[in-house]
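Take a look at the structures below.
First chain A sits with chain B, and in the next complex the same chain sits with chain C.
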Partner chain A sequence: MKRNCPSLLAALTVGVLVNVLLRYQSAYWPRAGVATLVFCAPLLALTGRLFSAAWRSGENPLFRVLFAILLFYTSALELLRFWDLSKRLYPGVLSLTAICFMTLLPVIYLRRVSAISQTAHVVLCLLILATTFMLLTVLPHLRLTNLQVKPLTLSDFSAAAKEQLFLYPEYLLPAFLPDQAKTPRHPLLRVAVSALAFDVGIHFVLELFYGAALPLCVDPVHAVARCGALSIFNRLESLQLILWAMAITLKLALYLYGISLLLIPGTKNATSVRLQSFPLYFAGLWLLCAFLHKTDLQAAMQTRSTLTWLLVVLVAMGGVASWLCKKLKRCF
Partner chain B sequence: MALQKAKALLLSACLLVGLILSGCSGQPLAQREIVRGILFTRQNARYSACLVVADQGADSSQGEQIKIAAAQGKTPAQALQYAEDSLSGDAYYGLLDLLALPANSNWQEACSIGLLLYKNVQPAPEVSVFVLSPEPIQSWAKQGPTLYQNLKSLEKTYGIHCGLQQLFTQENSSAIPGYTAESGYAFLLLGKNAASVRCKGLTGAQLAAVLCGQTKEMYGTFWEGQAVCRTRAHVTVEGNQVQLHLRDTELQALTDSVTDLENMLARELEESFAYLYRQTKKAGTDPFHLDFWQACLYGPGSVATDPELRVIFE
Partner chain C sequence: MKQGKKLDTSLDKNLSTLKNIFGASGDFYTKNMAISGIPCAIAMFTGLSSPEKLCHLALEMLDRDPVMLGGSKGLCQYLLSQSLVPAEPNPIEDWDALIEMLANGMTILLIDGCQQAVAFSTQEMPQRSISTPTGEGNMRGSQEAFTELLRNNISLIRRQFRSGSLVAEIYTAKTRTKTEYCLCYDRTLAPKETIDALRNRLAEIELPVLLDSAYFSSFLKQDKLNLFPAAAYTERPATVCARLCEGKAVVLVSGCPYALVVPSFFAEHFECLDDYASGAVFSGVIRLLKYVAFILAVFGPGLYVMAVSFAPEIIPVQLLTKLAQAETATPLPPMLEMLSVTLLLEIVREAGLRAPQSISHTVSLVGALIIGETAVSAGIVSVPVLTMAAAATIATLAVPSLYEQSILFRFAVIILAGIFGVLGIASSALIILAMACGSEPFGYDYLYPLMPLSRISWRDGFVRSIWSSLAKSGEVIGKDET
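Presenting the complex of A and B:
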């Protein structure tokens, strides 16, 4: 029997894991990250849960439009981040249009939820395999003595907490996704814990590799991967990039599905995106990327996270107001 | 259903073509100058950069042939840029495997050249780093290829490797192997606010390299050249004692007057360690990670006090 809407947990997980791999610079010391993870993961999950409750209680067209704009803007930032990465690694090879073409074309294939779900499972497995392979091959370059032993300060913990509380739309999307089959208990907590644990684990590997230089290195994961078997020609660097492109495509497909649920009336339980939406989506995203291509991406990402938190606050206020109205109506 | 399958196949094919074509705008590698090594020297406050480039026009049956492009400049960046400009094609640094710093480089200079390469050349962080010997270079065209090949052979013979990222793994010090015209290699301990310490020989340079974790092999003469040693070494730290474990040790006397080789080697290594430790303490650095092991054993903040080397033959 074919399920109406398969679980999108794998897609949400891929969406948050890929942020770790494409990070411009490492953000915190892993020891601080381990300490803050204990608080930040439940906080992110709780935020997502509260957002869902508030959304269901006080959903209105304004919030839908705002969230759709946020998803569209995030999609553009994801594309620009990948383009920025490819510019640093292969200067002059890939244009913005080529990146858009490479990552957006497969989104058509991923217009059905079932395709997103199946592909997400495959990409998640590939990501885990590629990361394990990378770790095995760089193992000889990791030195225990590179771990820093100086005592951590409050600013180290606050830097780690700030980074871990970076709010991605993946934590908010389940609020309006159709009911999914076989969803495990506490899905958001699982996503948050796996994302932050993966982030801390990668930071730990990076510290073993870079030592005191950890906060300074640009594209640290890619640079570490180049020292192992993931490098050019005789190695597998291109496969690594293709894998990252697949993960971004998946992320974009998930966002597009979210946008279509938010903006197109009567698609509350839809399991696919209409083909008619694609030309507008492609053209709009390409134009937005072209418009934003000179933006400071790190600052834009930070602003995006702040805007996401603001949206959460706004929806929470709407939810509380709606709940109060209902209560008052019952009273009178 | 069949139509959907056809659509899926078409889209997959488009994706594949897209992925393949997305890298086609780059220049073919055969038309680019593949840089294998970058060597820097400093003479009379001017820097000289030498690019060791794979000669793609040479006969491939005789192994990899190399050619040289060199230029001078006021700064390492300028010298590197001029050397790059003197190439007939675009430089390609994807296969770079060696970097040599000027002789007598200090910590600031080594780090600034390392950062310059990270910024302009983007090498793999594990590219091998050496410091050149103080003998002046007369001609890059004549000496460059030999120097590159000698450094590669040195790395292979002695199993010594200092990656570019290792220049930055400690906040205030770096340890880099150095080229020497004699056998073996020298070893430089660079401190942020201190004079560099250059040591040589089996019990100096090679001991320091083992303590810094840059090699596990020791091979050379000791006791003023009267005996030779080949061994595999690793280090453990227990309290105040730095234990040097020597495995599969082969000792051979080169003169009849030498007896009890193990004892002599151990004494020389211990004296050398005491000297190296004094120098690093004076410089306020910890290239041998002794503070790390102390912190692991006794908690953060504990510092090693006058550690001693103990040689253990296994």
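Presenting the complex of A and C:
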């Protein structure tokens, strides 16, 4: 019950799970997803592990700034993605400023690692409970006959692999997070497997619901939630939106903690973000969102993933170079 | 003022100094006398000490004692170490100690030719008798409550906690009024670093006045922006005893009938002594009901505003029709309507609480029945809004220790939900959750044992398991430290 540095595994898991729920369109057929999961999950975990090793070996200010920029840019994209979703669901109700304000306001209270960690546990529980609950309410609408039996082609597998190898910063953050208490073995593998398995599971439910129309549906998860019926609440999309907003805020808080560790000197083992950083963070993020609000988000997300992979390659090269330098110094 | 200075050897000089300090006070009493031919004087406050008790305990006995040799110093030594007179074991040597002893209700014996004084325990202070708790209703268990006297309160705890490991450290707070407080803990169960940290923090606190144990609370808070309390309060010695058995520390303040319990966890606000006297199933259901009541108290009105203003699709058609009919008949938008009704209910509550007891019932009656009924019949507020606000207010009372937080959160949720709809609810829910999760009373997780979900969450968290099996484990806070 008492911990010096609580584990952020739950926060990392929430961060990757919410990406599944916010997807604009379904990405692949579940059968292809199951097949690619077997090698994509270990690959993502391995990438994260290699990145950590390279980061510790060849960490330098340039990499720190680049990673911080990537996290900040990703935060803006996450906000814009959420704004885009809320625009489609509740047209004209919320402005970008309102979304920024409401999503970033709780981050003030999520500036401590303990707050992020514990809130992540609660949100994760709520996310699982709500997903199960919503699944139960739409159970009568799921048809086994909707499962597609047509043989999968190479392009189906390649689409699934491409989607699953989308690299989120959550896989790279453990490289510089302070050592955490009671971290289970292979944390990144656990995160990757749970995220990809959840993704495949959701795709499976969507296929049972939509059948052959699966690839065409916009906001598929939300549309499924709309069909859930209870005696009190006719539709459950609001509950879903509440949970998504909570998960995104948590994700932003985690990124902000990462940014503060990367940019503020002397905070390598800090367990909270300084309160003075918030005005700059809020203003900066709002301005960036305003600047990017007309960007094609799907393309921007794809670019972000590519940039993340590039950063991994760059840090890996730096790590290898640093390791070689050390070896050479020892030899001569 | 001779505070901090040593006593003089001359009795006259000491008496003159005392008269300079307390001479204007009507309750200050001095009397010259001679013991075995040595000039002495007694000093006391008549409201705090009893002259009869002094005569009975000390002076009569001294009269019967043989003539002492060794002059003034010999008399002092005799009183401190040999005599049967109930004197304090340590002599008083400076004015600070002397004034403190007098204020504590002791009688001071000043001896001519001696730089030391002797204190006698002759306290007889007017006090309230031990009564039943007024703010913590319980059906089972002890019905005793703390009073204002610190020593009495310590004895109430010690009567229930009859173990040699109970430590009661008494200190004087850094205040103008020199108020005493007591730090109680079980030295075998309480984590040492927690007790040391608490002791140090309490010692550092400087206050103009210390009238309540809650005055310490703000100083113990790590995050001042956090609205959740850093400590719990109880007026029951039995509850204190239970918390001590969990390895927690308790702070008692002189003049305050409420004990401060640290560290305090969120789940404790939903527990009571009756939980452990009732059956596991019943107490589990009651606990869950309290959690539901807290959620209703905080989010109920906000959810209503959000549903009516932004997301009517979540309401079944029949209910929606009734709500729409009610809302169209009222002039205010749902958010303002809910805010005004909630505010009015709080005003009625505050007036009922602060008004003299003879008219407080009238205030409640006028507020609840006349204003409520009139407002509805005049079409100023709708019945659904009034029903929801009343339900939330009643639900707040199910968890009285989180009353302040419930009220503040409720207003925030209504405003955010009324302006931003679903996102406002999400944001406010996350702020409240983050506040709860961000509280770290002395480095402990505030949501323990509820989160992270583990076996203990179900053993004695959301619900309670069977007492016979739960009692064996005896959960202690220091156990799972990492």
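Keep in mind that, in the parts below, the second predicted complex is superposed on the first by the 323 of 332 C-alpha atoms of A that agree within 3 Å, B and C clash if a C-alpha of one lies under 4 Å from a C-alpha of the other, contacts with A are read in each partner's own complex, and residues count from 1 in each chain.
We take it that contacts are C-beta pairs under 8 Å (C-beta built on N, C-alpha and C of every residue); 3 or more make two chains touch, one makes a residue touch a chain.
This structure is a prediction, so every number in the text was calculated from the model and none was measured.
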* Between chain B (first) and chain C (second), which, if any, makes contact with A:Val224: first, second, both or neither? -> first
* In the overlay, answer first, second, both or neither for which of chain B and chain C A:Thr119 touches. => second
* Thinking of the overlay built on chain A, is A:Gly92 touched by chain B (first), by chain C (second), by both, or by neither? -> first
* Asked: Does the superposition put A:Ser322 against chain B (first), chain C (second), both, or neither?
  -> neither
* To do: Please work out whether A:Ser57 is in contact with chain B alone, chain C alone, both, or neither, and reply first, second, both or neither.
  => neither
* To do: Give one of first, second, both or neither to describe whether A:Met102 is in contact with chain B, with chain C, with both, or with none.
  => both
* To do: Have a look at where A:Thr145 lands relative to chain B and chain C in the superposition and call it first, second, both or neither.
  => first
* Asked: Who does A:Phe209 touch here: chain B (first), chain C (second), both, or neither?
  -> first
* To do: For A:Ile242, select first, second, both or neither according to whether it touches chain B, chain C, the two together, or no partner.
  => both
* Structure fact -> chain B and chain C footprints on chain A meet at residues 90, 93-94, 98-99, 102, 105-106, 108-109, 231-233, 238, 242, 245
* Asked: Which part of chain C faces chain A closely enough to touch in the complex?
  -> 191, 223, 225-226, 306, 310-311, 313-317, 416, 420-427, 429-431, 433-438, 440, 443-449, 451-453, 477-482
* chain A partner contacts - residues on chain B that touch it in the complex -> 8, 11-12, 14-15, 18-19, 22-23, 25-26, 94-95, 118, 122, 124-126, 163, 165, 168-171, 213, 289, 291-293, 295-296, 300-301
* Asked: Can you list the chain A residues touching chain B in their complex?
  -> 88-90, 92-95, 98-99, 101-102, 105-106, 108-109, 141, 143, 145-147, 149-151, 209-213, 216-218, 223-224, 226-227, 231-233, 238, 242, 245
* **Partner chain C, residues of chain A touching it in the complex** => 1-4, 6, 10, 86, 90, 93-94, 98-99, 102-103, 105-106, 108-112, 114-115, 117-119, 121-123, 125, 181-182, 231-236, 238, 241-246, 249-250
